[in-house]
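As written, the chains take the letters A, B, C and D, and residue 1 is the first residue of each chain.
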Amino acid sequence: MGFNFYDFTALTHNIHVGLVEGFSPFMATTLEWVIVGTAYLLFVALFGLLLVYAERKVCAAFQQRLGPMRVGYWGLLQTIADFIKLLMKELIMPRKADRFLYNLAPFIVIIASFLAIAVIPFAPGLQSLDFDIGLFYLTSVSSVGVIGILLAGWSSNNKYSLIGAMRSGAQILSYELSVSLSLLTMIVFAGSMQFSTIVEGQRDGWYLFTGHIPSLVAFIVFLIAGTAETNRGPFDLAEAESELTAGFHTEYSGIKFAFFFLAEYINLFIISAVAATVFLGGWMPLHFGHLEAFNHAMDVIPPLVWFFLKVFGVIFIIMWFKWTFPRLRVDQILTLEWKYLLPINLINILLMAFIVLTKFHF
Amino acid sequence: MSEIKEIMFNSDRLATDEYLVNMGPQHPSTHGVLRMLVKLEGEKVLNIQPHIGYIHSGIEKMCEAISYPQIIHLTDRMDYLSAHMNNEAVALCVENALQVEVPERVKYIRTIMDELARLASHQLWWCVMGMDLGALTTFFYGLRDREMILDIFEETCGARLTVNYNLPGGVMFDIHPNFQKRVKDFITYFRKKLPEYDQLLTGNVIFRERTEGIGHLSLADAIAYGVTGPSGRASGFSNDLRKHQPYSAYPLVKFNEILDHRCDTLARYEVRMKEMHESLSIIEQLIDNIPEGDYAVKMKSVIKLPEGEFYQRVETARGEFGVYIVSDGKKNPYRVKFRSPGFSNLFALNNMAKGHKIADLVAIMSTLDLVIPDIDR
Amino acid sequence: MTNDELKAYLLDKFPSAEITLGTQYVQMIVASADLHQTATLLKDAKETSFDYLICLSGVDYPEYMEVVYHLESVSLRHVMVLKVRTSDRANPAIDTVSDIWITAKYHEREVYDLLGVHFNNHTDLRRLFLEDGWGFPLRKDYVDEIRIVER
Amino acid sequence: MKSFIEYIVSIFKGLWTLLIGMKVTGKYFFTPWKNVTQQYPENREKLVMFERFRGEVIMLHNENNEHSCNGCGICEINCPNGSIEIISKSILTADGKKKRIIDQHIYHLGMCTLCNLCVKACPSGALAMGQNFEHAVWDRSLLTKVLNQEGSTIAENVKEE
């Protein structure tokens, strides 16, 4: 069972074969589920903590501060300490809250994020679900989270929570459109909804560069809409601190709050990963048409590193948005979507179709 | 429960779609313990009833038991962001009552300190305004620059916020030898930073969308509600006491009263931004010309005001601050009343925010620049 | 108008009022029955046009309760002090001016809260800072053995 | 058509203002050596307060453990909050006369507003403002201090009451 850092196909294949040969088909499938589930759980927990730490450091740097410095070297253990604190906190529930829905809501939110993460291709062979409607599946699954938010806001029996949830509902429903349409533009270009095909298609150049203006426009629109989808500033109306104290999760504490918190960062990762995969070539190294030497040099860097470099790049841009801009108002968010992003997107798709038909692309 | 009844009987009954939300006393954007009972329909604000008194400290009652120099340090704690102007109001009131002429040097020092305090206050307002609108980074940039002014205060007055620098007849200490250099350094530094403020917030398309045409306060309403200071001047209400009833060294300097006739949140924002430039130019005119002399006139150890009533108005960062002293000839005042700018400004909120969204209510409240201890006293 | 002109004008217009020239401002004391009418005239007359109520304060004197109005004209830039006294110290009541200057609505609530002066025709006369049943702390005969420490 | 052009222009203008804003924050992000954070407990050694900084009221003592407070009580009168109490005692001087001197100069830091009026009023310059600002204690009673040190005496050259 050789370990290849450049291609995980063999590794995952060997594990699969080993399981099938050693156990009954039922047991093999179950074990595989357990392994994959544990891997994702670990990844999400660790990456979530890392992202929280990164956000605090990035935010601090934008604001000329140092950020957490006390726990561990340069505050590296700060988020872990915070997480332990959250685990130990008392779970408080408003007296007249809807018990069942109140407890259910955080799980819906976090499960939706988990489902979406399944289709993300981290590296060759490191992808648990690779089927022909990958992008379609992702957009549909990621919008399940809004149900959790709506439930959380409604069941808390708090008006601030309710306003936050309603804002979030309106916002995510509208921006879902833009996310899907900008991805649709790229589907038209790539000719497939399967992630592996999309990544493979960028072997000679990322779609952001090969798709002319329409893919650039789609990328910008996707960044804006994606930021809105994750409820992050400047679109953080659902939890607008200065208006609604904490929005839909005002009444949550302890580990349930941690779920919302974690889900927000996983969603941030998913949006960035999709942006990286569809527009920036996923794990594919940076290649330029015929510069063979350059392409080979780029191939030395493992795909997993490429993937995370791109993801962090996109995450950084989204954080940059958050720490620079004032928040939009609820009606302006809808105006931005329906009056600006939607028409731009529709025109963009037409342009893209035209480009694909005339074979004008590189 | 009584609160709900009150709303039911005082305004129209709640319709089916309407609901009440308590904003405060613990709310991030009320900047203190102010409670507003907001009647909403969806996101639309229908009616606002401010409830104050959570930090009412009875300063007026306390003043009746202490002597005039001691009153000054209590005024620090009202509008803590314009502490120096409040101090000066009491000091001027006592000096006028006793017909004491303070040295020129004191007038210069007081005026420079006034403008520094105004700058510091406006800086804090700017960063909080950004924060209320969701741009958290502005908060740190504003505080970073405000630190320089607070250092100037600390070096000369000994305290950063509650300076207590004025005494009847002068100031507590002479200016520190480093004072002029520090102030000049600050002016050159801050002149460079102000364009950055504009780039970050003023020009930003989201910011302009959020503020333009929001929170209209007509000139007639501004006068009727007594909305003074930058908030009133943005409605065209010319009320700058530095111009109309000049005190200290204000008659000696050239500056413009910033007026705006657009009456909205953006106007109130821009008036304050322009006032920062004016303040810088006022300090620049004075800082090199501070005359030599005493920093205080010798007053009696026990100051007794003649029998009568005395009123002194000064312009603080928030508007008109008035001190009304009734004296019966003893060393303690018979009655002291402070006319605080925030008190009058707050109650115009309902008029301004009606019909706008919750987010606008936060923005409007931010441009009124309320300091709650100033309202409650 | 200068203070002297203002005084002359007021003497002419309000012969029944007690008008003096203080150290700073012209001061006019009116009977509590005339207050509302006088205030309306002061605001509406072109010569005076006192449209800005700077400050409204209550003062508790040994024999009477006084409410002091500091008025300014925004267009003419003169300031005067209007005073009204009521000899009933236990249950003082005077007319409201909140229909003339809106800001008086809240200043009057403050005076009511702290001094117990009742303002007739006020639309919303509730306590502003304190709880119901607190007493009127700015009155000179107010006692509070717990919170006030005499030195 | 005109409104359409305006629409397009507004998009680009809006994006441009957003980019300008990002330029400002980006500038600070990429110049991290300009950070303004001070690591407080670590920099305690280097931390020097301004000489006029008002941290607490102290009584000045010289190297012979002498102070110049004659217990006149002017600071007590001038204090707006009653945070100074002066307890004096009678002693017999060398030439057999009875004399009142200060026993304890009690200072309630918890009530003090650091207004500097006592220091300003002191006729013999016995009081001053100290620069210590770390006053946190677990027990409130520790905030009540006796300013004249144990066994200290009044300096020779101080004017008698």
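Quick note on the criterion: a contact is a pair of C-beta atoms (placed from the backbone, for glycine too) under 8 Å apart; a residue touches a chain by one contact, two chains touch by 3 or more.
This one's a predicted model, so the numbers in the text were calculated from it and none came from an experiment.
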### Furthest chain, CA centroid comparison against chain B
A
### Selected pair, greater C-beta contact count between A-D and A-B
A-B
#### Entry: Identity of the most central chain, Cα criterion
B
### Query
What whole-number Å value describes the gap between the mean CA coordinates of chain A and chain B?
45
### Query
Approximately how many whole Å separate the CA-defined centres of chain A and chain C?
64
#### Entry: Rounded Å distance between chain A and chain D, as computed from the means of their C-alpha atoms
51
### Message
What's the distance between the Cα centroids of chain B and chain C, rounded to whole Å?
### Response
24
### Message
Using the touch definition from the top, which residues of chain A touch two or more other chains?
### Response
62-65, 323-325
### Task
Could you check chain D for residues that touch two or more other chains and list them?
18, 21, 24-25, 36
### Task
Provide the list of chain C residues touching at least two other chains, using ranges where the numbers run on.
151
### Task
Would you please name all pairs of chains that touch?
A-B, A-D, B-C, B-D
## Note on the structure
Within the complex, chain A is touched by chain B residues 19, 21, 27-29, 43, 130-137, 139-141, 144, 200-201, 204, 206-207, 209-210, 357-360, 362
### Summary
Within their complex, chain D touches chain A through residues 11, 18, 21-22, 24-26, 28-29, 32, 34-37, 39
### Task
In the complex, go through chain C and note every residue touching chain B.
22-25, 51-55, 57, 59-60, 68, 70, 74, 77, 81, 101-103, 105-107, 110, 114, 124, 128-130, 137-138, 148, 150-151
### Message
Please output the residues of chain B touching chain D within their complex, sorted ascending.
### Response
66, 69-70, 73-74, 77, 137, 144, 147, 151, 154-159, 162, 164, 167, 172-173, 176, 196, 199-201, 203-206, 301
### Query
Residues of chain A touching chain D in their complex?
58, 60-66, 69, 320-321, 323-325, 340, 344
